[in-house]
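I've put the structures underneath this note.
Across the two complexes that follow, chain A remains constant while its partner is chain B and subsequently chain C.
Entry: the complex of A and B
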């Protein structure tokens, strides 16, 4: 079975700094593979282990995104395709178009896996857009995937319900992080990842005649965290009382 | 410019929340809005202008079918703005509509306004560390953050029904199980006591539930407790990938305060924390904090509360 996994190279939200005016310092910011993408890679590797086949990592990113691709290759994916374009500068529909074009070029695939959303934007729009662009069955928010023959049985988690969906293959499926625990690559795997094939393509090569599709983001600012940050220390009976008194004076305790 | 806005959700209560946003932007632009629902939900919808789409099979059973039906009707009446509730299915429907109709799209948007030929709005990014200003050129699709607008009451206005015939879907629902209701309603809770990794054993969660009971609140948790340990069902998980909450009081017990957890509690009125680690990021995100062992502080709180209620 051939599986494409879409991953994103993202600015690490935990390391992102803002200046005194609240402007993010995105240039030179620490980056990583988008957190939940590891769950998608892990699921692909588990399916490969039981059905054999190939796992291909597909990324829309600048050449720096090879870092995230290597991480996925170190986990056990077989090869990678980088569409050389900056997803931060384009609208999500364009990202999904480029992913779709790269996946079509590498076809046939039995399954396309994505994370539910990325750890930077978390718009959760790209996976269903990709399903729509490819004209394939799409199932979102999978917490369990079973493949048998030419169909997949997917358990998906919604806010108030769980659904079991049957989808013929090929299909696009997005996974939630509860689906598995991503493996850690070994040192040897990390060293060998650099030797695995990584193909780089330009957007124009896979989607000729592209017009501009700029991002809809006009600006980004730090969110003011206007919290009081009063901290009580001392013996538990004293701090417990102080905390309850403070909460009572805020009027947030039941009378 | 007189614009036409659609307010849609597959859930009637969310549709009525989206209607509040639609009503706001329709009013300021001198335009009109239509609340759009599916299947038999017409009487539950708000607004004077209601449109209900019906097919041979229930459209609400499949976001794929709902999107196909909406796209069909949108192509005829061409609303300038299609607002969709940002539920999990809502985001799928919005994405599909954006591709089918060739329109710009953004999700989890709030504070929407019209500005010239653009729908402006904000969305939280980088696990809530930053807020982005969005400008979607019209016509567009925007999925609205759930809980950001008041829910308008249902109106007695009679809905217009639109039959779309048979809608083909590529996938099939084999089974649908409602999650247990009544045990937890974190989205509507006024007070939440939430447990994190500082709780050492599953049995010790009784401390958390005892405190929640004494305060008349609900029990939530951070991701490790539901996902890694499996101590609480997934619907208790509060955070970016779980439930977003907005209680009057959010009390985080033994929660370190990772960004992805804090992203789900930002709209709380007051946030308090109990943690033995003074440097835990949770204190940065809190109004009040107690540095101490939860195994000593909670019993002390319970004792104090017992005394107060007597």
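Entry: the complex of A and C
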């Protein structure tokens, strides 16, 4: 079974600072493998353990993204393909086009796995776009994947229910973090990951005739969210009721 | 909090411009492991609600102890400073596990330097992979740094040695599979490997300690404990020299451990000072609290630089005994000052909360263990006076 896993070298949202206007300072920001991508890598490795085969990491990023690719390789992936481009300067459509081109170049794959979204932008748009670009069925927000023969049975975690979908392979599946607990690569695996094959390709090499993207990212702004700072005073049974009423009026709880 | 911090990363960049990316990858991964698997259970190890064996084994299996040893025996072959940095991080995550692991690795260091090729091949892969746990047994009820006065004996009987006597305040005693034992033969203090179980090997109860409560400490008793003559490490009569050499390296490691303890006490203090209000404002706005924070941070950074400096001299192959002792004396006394300030900043909560005062209790061991501050000041002065002649 050949599995491609899309991994993003993301801004470390836990270390991200904002300027005086509240805008994220992306220049020089700390980076890391997108948190949820580790769940996708883990799931691929588990499927490989059951069905044998190969796990290939596909990344669109600057050469710095090799750090995240190495982490995925240390977890146990077999090799990596880096499309050399800056994903922070492009919007999701171009990212998905480049990922799709790299996946087509390395085809055939039985499964393409992604996280539900990246831990920095979290637009959740790349996986469905990727399905469209590749002309493959797309199943999103998987909390369980079982592969049998040429089909996958996928449990989707929806807001108030669980949906079970059977999809023919190959398919694109995005996973949620509850699907598994990503393994820690040991220190020896980290040291050895650098020796695994990492191919670097240019966007032009995999998408000949590439023209400027129809849309691009001009900048990012943080949306200010003022807290309401409501304080309920009084004995606990009264304040609890006031809190429940307030949550219901805000739509957090059903009335 | 990131256990592998920006300060660590900068030091790696400064000391290892050609390899810092690789070293930082290893330390970042280790830091992530500690944040998730060690730091959260640390308070429970202090109160006895959690046991050390599981997390310690997981840490050893992750590769913590492989860092400074040769790849030939299952190590990573990385510089000693990288290992010292990892120890500081572990000191931040949990001091008891750090103490236990530090002792374990001191045995591996001894075998690596003074053991025969047969002994290295037999023991090191098991120690470095976490399949075995080791214990270092030097101190006795009536002798410590004055190893020459030890009362434990090893008598040659045919193709075996018979070891008799007792060792005191031994970390990992009763849990370890392998004991590096110092005992006197006719030629003087010598060094042996004793594998457990052994009919001549027994242990006292777990000693009640002020701190480091997660690790086990007890007496080790040898009663006609027989080991094959091949378990002699190095040459007979050279045990005191070996012990000294092992302890010089271990002193750098103890310094790193104390910087780690001070670091977590400092971080808790900064967070508390920001959120605690007095007279209508955060206590972090008061000058006298700021003075404490400034002094704590300055001293922690100084301790870190001292252990890095000693580590780099060790890596160069030059004599580092004075620098190792300087780092240990400064860092152990510094961490007591920092932890004391942390209690002061936390006020009544500092005095009454295990979660805070355990750091002072943990740090308190280490101006005593592995060479007291008093003995090490004698060593530093002796070495520096000799150098200036």
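Throughout what follows, the second predicted complex is superposed on the first by the 212 of 255 C-alpha atoms of A that agree within 3 Å, B and C clash if a C-alpha of one lies under 4 Å from a C-alpha of the other, contacts with A are read in each partner's own complex, and residues count from 1 in each chain.
Criterion: contacts are C-beta pairs under 8 Å (C-beta built on N, C-alpha and C of every residue); 3 or more make two chains touch, one makes a residue touch a chain.
Since this is a predicted model, take the numbers as computed values, not measurements.
> Please work out whether A:39 is in contact with chain B alone, chain C alone, both, or neither, and reply first, second, both or neither.
neither
> Can A:187 be said to touch chain B (first), chain C (second), both, or neither?
second
> Counting only touches as set out at the top, which of chain B and chain C does A:95 meet: first, second, both, neither?
neither
> As a test of reading the superposition: which chain, chain B or chain C, is in touch with more residues of chain A?
B
> With the two complexes superposed on chain A, say which partner A:31 touches: chain B (first), chain C (second), both, or neither.
neither
> Using the touch definition from the top, say if A:70 reaches chain B (first), chain C (second), both or neither.
second
> Using the superposition on A, tell me which residues of chain A are in contact with chain B and, in the other complex, with chain C.
Residues 14, which sit in both footprints.
> Write out the stretch or stretches of chain B touching chain A in their complex.
Counting only chain B, the residues touching chain A are 63-64, 87-89, 91-92, 94-96, 98-100, 104-108, 123-137, 143, 170-179, 181, 191, 215-216, 223, 226-228, 234-235, 240-241, 243, 248-249, 258-260, 266, 269-272, 274, 278, 283-293, 296-297, 299-301, 303-305, 308.
> Where on chain A is chain C touching in the complex?
Against chain C, the touching part of chain A is residues 14-15, 67, 70-71, 74, 184-188, 190-191, 194.
> Residue numbers of chain A touching chain B in their complex, please.
Contact set of chain A toward chain B: 11, 13-14, 16, 18, 24, 36, 91-93, 96, 116-117, 119-129, 131-133, 136-141, 153, 157-168, 171, 176-178, 181, 216-223, 225, 227-233, 236-237, 239-244, 246-247, 250-254.
> Write out the stretch or stretches of chain C touching chain A in their complex.
2, 21-22, 25-26, 29-30, 32-33, 61-64, 66-67, 76
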